[in-house]
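Presented below is the structure to which this report refers.
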Amino acid sequence: MPSESAEIQLPSGTFESRLELRWGDMDALRHVNNTIYFRFFEEARVRLFDRVYPDGFSQRAMLLAHASCDFLRPLLYPASIVVGLKLTRVGRTSLELEGRIADAGASGLVYARGVSVVVCADAQTQRPVPWSAEELQALQRCFSE
Amino acid sequence: MPSESAEIQLPSGTFESRLELRWGDMDALRHVNNTIYFRFFEEARVRLFDRVYPDGFSQRAMLLAHASCDFLRPLLYPASIVVGLKLTRVGRTSLELEGRIADAGASGLVYARGVSVVVCADAQTQRPVPWSAEELQALQRCFSE
Amino acid sequence: MPSESAEIQLPSGTFESRLELRWGDMDALRHVNNTIYFRFFEEARVRLFDRVYPDGFSQRAMLLAHASCDFLRPLLYPASIVVGLKLTRVGRTSLELEGRIADAGASGLVYARGVSVVVCADAQTQRPVPWSAEELQALQRCFSE
Amino acid sequence: MPSESAEIQLPSGTFESRLELRWGDMDALRHVNNTIYFRFFEEARVRLFDRVYPDGFSQRAMLLAHASCDFLRPLLYPASIVVGLKLTRVGRTSLELEGRIADAGASGLVYARGVSVVVCADAQTQRPVPWSAEELQALQRCFSE
């Protein structure tokens, strides 16, 4: 049974994005640089919010308040990865996503886990804005498929 | 009085690195991209370990196990920043650094705070290696100046 | 009829690599940053040389001596692109590639054209090394499929 | 004697920007990645145009039409560099800059040379706009100091 949050019952599904590594994602230690893991999580969030706001972001800005990552094993080029996001908390104006970067192949090896906290803000004023019922429904659908 | 850790008495000083923003650090939201904050923390760590190992890293690799950042206010180009690191925990083979990204100007405005956990590893095998007494002393000196 | 070069008859084919844009490829002007076009050409070259050297690069390093790009129209996220490379010159220790970044969709719109000059070097000494007959054959096959 | 161009007499001075390398500028070959040279030239151009337009870019966008770079020797972290730009052509709506990336130290070693062609465009329509006499004077001053 999914746990509850202030506004919505948290969906149990995972929003998945498949991404390809680039050679240039590696650093002088010859594995993918730590900053790139955050780029992967960013890309996954952008794809998520493109679904929540199919008509574009003209009114809203999704501001990142917190990001963290546990680097579990080195990630080497070339590889295809799947970034899986789960919705783990929804506040009045924010939400928390737990992410996982895993191999897109049969192994499904998990390279990293991370957390992002996003604040829903007005695109002009950059001030926090409460989620509307419509936004919450759209969010829930993304994690229910 | 500084708190104690497994191996050393934690020094209370801050290791500071001054960095310049680049225009290209900004993203389509016209502020410095979240991944770049982790680049700034990385640069500060590299400068720290260049001091700990003045003869180079031929024997050791400093592997990042965890990184997090709280984004407190948007950072805009152009700006000079100071990344301050504090040593907050030293384990047998790892250490934890608390970082702060602040304006290099008089305001000293804090843009972000973050945590890094680094593991000391053998450069060849990439296996964790306990800190030597010499390494711990060199570390302590970096935070005592 | 393909033109000739010092060592080989230049193949007329195109080596194609399909790439996905990332949101973070855009800069504060809200289109893909100029440096990323060079990342795309780099990725295409890496895929090319991974084919030429299927056993890896242990003996050789491909050093970039020159790169240029004409930016024909702005590239916006999201998009899938195809980087097409043509072999336009082969010297004793170098080669020239002409590249094109085009939309992967039906439009085939060309966003940019560029040139790369690559030098074949010894992986240890980084000194130029003449192409072997085997390398030239492998190269030719990449542009003949 | 400086050569002439359509609109102005070309100034003979060099616009210099001092930049610091970051460890993360290096790639898996352990030298500064080719895309970063273009970032350095970009940063130098941004600093130039910040001088030409001290009140900001609200009316104009400087669009990059062409960029090239000859990579003369590998650039390794850590290093301080100076990017020098010379104004080599001014057209009705465009200009050409020749750049040089050199060591900021006594050696003055030149790592790379490059060319950028920039088009002056209307910030809204992104259409080319002729340089005004005022813009040309401001430009000239940047290369005369």
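Should a chain be cited, it is by its letter among A, B, C and D, assigned in written order, with residues numbered from 1 in that chain.
Rule of thumb we're sticking to: contacts are C-beta pairs under 8 Å (C-beta built on N, C-alpha and C of every residue); 3 or more make two chains touch, one makes a residue touch a chain.
The shown structure was predicted, so the numbers you read here are calculated from the model rather than taken from an experiment.
Taking shared numbers over all numbers used, the chain A to chain D interface scores over half, which places it in the same class. Among the other chains, A has the CA centre that is most remote from the centre of chain D. Chain A and chain B have centres, each the mean of its CA atoms, that are 25 Å apart. Inter-chain spacing, taken between the CA centroids of chain B and chain C, is 37 Å.
Chain C has its Cα centroid 32 Å from the Cα centroid of chain A. In chain A, the residues that touch at least two other chains are 23-24, 33, 35, 39, 42. Within the complex formed with chain B, the residues of chain C that make contact are 23-24, 26-28, 30, 33, 35, 77. Residues 29, 33-36, 38-39, 42, 61, 63-71, 74, 126 of chain A touch chain B in their complex. Residue ranges on chain C touching chain A, taken from their complex, read 19-20, 22-24, 39, 42-43, 46, 50, 78.
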